[in-house]
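The structure follows.
Chain lettering (A, B, C and D) follows the sequence in which the chains are written, and residue indices restart at 1 in each chain.
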Amino acid sequence: MRKGITAAEAAALIPDGASLMIGGFVGVGSPERIIDALVARGARGLTVIANDTARPGIGIGKLVEAGCVARAIVSHIGTNPVTQQKMLAGEMAVELVPQGTLAERIRAGGAGLGGVLTPTGLGTLAAEGKPVIEVDGRPFLLERPLRAGFALLHAQEADHEFNLTYRLTATNFNPVMAMAADCVIAEAVEIVPVGVIPPDAVRTPGILVHHLLERAH
Amino acid sequence: MDTREMIARRVALELRDRSLVNLGIGLPTLVARFVPPGLRVAFQSENGIIGFGARPPEGMEDPNLTDAGGGFITADPGAASFDSAMSFALIRGGHLDMTVLGGLQVDEAGRLANWLVPGKLVPGMGGAMDLVTGARRVVVAMQHAARGESKIVRRLTLPPTSARRIDLVVTDLAVIEPRPEGLLLRERAPGVTVEAVLAATEATLIVPGEVPEMPLARPDRPLA
Amino acid sequence: MRKGITAAEAAALIPDGASLMIGGFVGVGSPERIIDALVARGARGLTVIANDTARPGIGIGKLVEAGCVARAIVSHIGTNPVTQQKMLAGEMAVELVPQGTLAERIRAGGAGLGGVLTPTGLGTLAAEGKPVIEVDGRPFLLERPLRAGFALLHAQEADHEFNLTYRLTATNFNPVMAMAADCVIAEAVEIVPVGVIPPDAVRTPGILVHHLLERAH
Amino acid sequence: MDTREMIARRVALELRDRSLVNLGIGLPTLVARFVPPGLRVAFQSENGIIGFGARPPEGMEDPNLTDAGGGFITADPGAASFDSAMSFALIRGGHLDMTVLGGLQVDEAGRLANWLVPGKLVPGMGGAMDLVTGARRVVVAMQHAARGESKIVRRLTLPPTSARRIDLVVTDLAVIEPRPEGLLLRERAPGVTVEAVLAATEATLIVPGEVPEMPLARPDRPLA
């Protein structure tokens, strides 16, 4: 049985300038309590690796608006005009990665693979500066693995050994990010006793999770 | 019938039974409304679900069940959900039978540009590059022209989404099939002449002897 | 709602000389009914891609004993002396692949990736003849994707749309193989009505499965 | 106490609280019996489970729940199961804190050979190459010699399992730590002299001023 921490304690673990992977897809499946605590402590200079920057007022959008984010590595910013304004104003750097490549680069970072060989992006701006490797006569882009100092996850259920489940489309990037960071912090909708989640339903084994937010009061 | 509905109805005729299909945001989403009766099509949303259905009634939305645009959806019986790595393994791995996407330009080589207008706001490619590269069949659904300029061009002036040649373009004026030898004019919209299509098109089109009118429903199942 | 086929019908779909991925780990999680039907129809010249060749009388071991297998691509044959004898007698070719590399090569085959960049096998016999790619100054072996004509799977539950679940350590290679073959044939312990398996419990979406064995009589 | 139990007891002292550990087939499996009380160690089996327990009573075996050798196991509360791709992502990705494996030879560079004897039957590497390459700490548990020949050799004569230098060797005679400068003799088995270890070892060992006797239990928790 492991003890949870508060959202403020989680935010205090994350120094200014840290790199964070944050689960979520247009805000669905993002760890809102940890994000709120990061905004509350006035975090600065963060690098955020995520699918997108959500919308103003939602998920990662709150970090962007509060000026916490110096750099975003994402597949799109189309849903967040604040990110676009900050990028054009030079207040925030944005690196765009095709969504499938982003998922696979994070997976490679967590799985100890040296990179990703993908056909996606060949012949486009996404290929600029990247090696092309031929395998059996077909060209593939070599994309580098991604890791981060922290992964901030949104789970559906957690048990007191920090095993996690995810729900429907709130799953998205959370499981791959759980493998690819030095420190993994999760918040869950529900915390259940150990043994309640069947072994086959666990999507992230608790041994991968360093901290779990205690129940919200 | 507005032109958006017309385009969606024509694209829906490309759906095949028991196929897995991804619809892009905007016009392509409309295609789901016109699935020919009797066809069982599984729709994938790249944020992690196969077998989703229409927006639920008010008050029955689930914050954990949305499409790639963040809009609320429902799950049909037999739906399956999964993470982003699996979702794009399906897309990149050739398991997606068809994707329908919007477009900014298609050129004579059949290349699509649909993610970036240099000098303007940069939305990002999202899943578009993977979809165009990985889907077995790529159908582009778009207006033939924007602000008076043809979107069917000789050569892309916007950055391509993929080096891959797409399979079909359906516009408010025509159905065009990119082939190794060039763009084939397959059909014209109801009431639109071949000459009108050619006049509205910057690219050179290959025009066969007969160019039939675009069907909007399967002959055995007339338009409702 | 889709209709199942018999084991004999499944075996009839698979021609002599076909390449098969077969789930299972020392026989646990192997599709025994399909295997029995292949033995019964006297299949010949098969290439089997699997973790191992199980034990005599169990799972893939039955195919080996019956002389159905010309070539095996596996991580070990240590549990099956019959495979070892046939290999030494020149009756069967055996290609050994590190287990993690085997899983990842199959995953790459199913995910449209050009190959796998792994540190496993560097400086060993497993590296012979394979390119070494440097990424950020670290060397990785480039291993090629694997695909097969058929995948033969063992599932726990299937519904009538062929969605599949797996159970505990009978899961093993089944889910990755479901992605990497031209024709996927599954047998399940239980067949349940559509809608009974929650979306989050489905591990292989039914759209990937071409045939399901009907209930055993 | 036989030498296998002695080796397993000594290896068990290398276990750390809240760590993820993979035990190879054979001698290494015994280590699970000697987990120091109070330590919570999660054992992984590479066929797809974390948190498994001992063989169940007769009649309670589950055909879907076995270890990597095919032997029946149980699931502890909080266990998690997964597929082979995930299992080796854990191993290769540095999530495994320690693996304990058997060995055929360890050489002065700290390289391990444990999967192939040329000219004999070829069992295959199974998961060994991934485990040795990927685990944060690799501990080899083996007899010091086989048929009179030292298994701690100057240079491997058998094919290596990985180019990686392993972290510790525990034998019936000694505990040896491979370091960049060579093999350091850390401990000797109870009643065995340094001279006896050196005489039984082909490789050159670095012998510090004092070589203590191998502990078989933690000082605060004496051997039961």
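Keep in mind that, in the parts below, contacts are C-beta pairs under 8 Å (C-beta built on N, C-alpha and C of every residue); 3 or more make two chains touch, one makes a residue touch a chain.
Source: prediction; values computed, not measured.
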item	value
Chains touching both subunit B and subunit D, listed by label	A, C
Comparison of C-D and B-C (more C-beta pairs in contact)	C-D
Centre distance in Å when subunit A and subunit D are each reduced to the mean of their C-alpha atoms	35
Centroid spacing, where centroids are CA-atom means, of subunit A and subunit B in whole angstrom	29
Junction residues of subunit C - those touching two or more other chains	104, 107, 111-113, 118-119, 166-168, 171, 199-200
Contacts with two or more other chains, residues of subunit B listed in rising order	49, 75, 81-82, 88, 91-92, 134
Arrangement of touching chains [line / ring / star / complete / other]	other
All pairs of touching chains, each written as two labels joined by a dash	A-B, A-C, A-D, B-C, C-D
Residue ranges of subunit A touching subunit B (in the complex, touch as defined)	25-29, 51-52, 55, 74-79, 84, 87-88, 94, 96, 98-104, 106-107, 118-126, 156, 166-176, 203
Residues of subunit C defined as touching subunit B within the complex	107, 109-113, 159, 161, 163, 179, 194-195, 199-200, 202, 205-208
Sites on subunit A touched by subunit C in the complex	104, 108, 111-119, 133, 135-136, 138, 140, 142, 144-145, 165-168, 171, 199-201
Interface residues, subunit B side, partner subunit A - complex	45-49, 62-70, 75, 81-85, 87-88, 91-92, 116, 121-130, 133-134, 159-163
Residues of subunit B defined as touching subunit C within the complex	18, 20, 42, 49-51, 75, 77-82, 88-95, 134
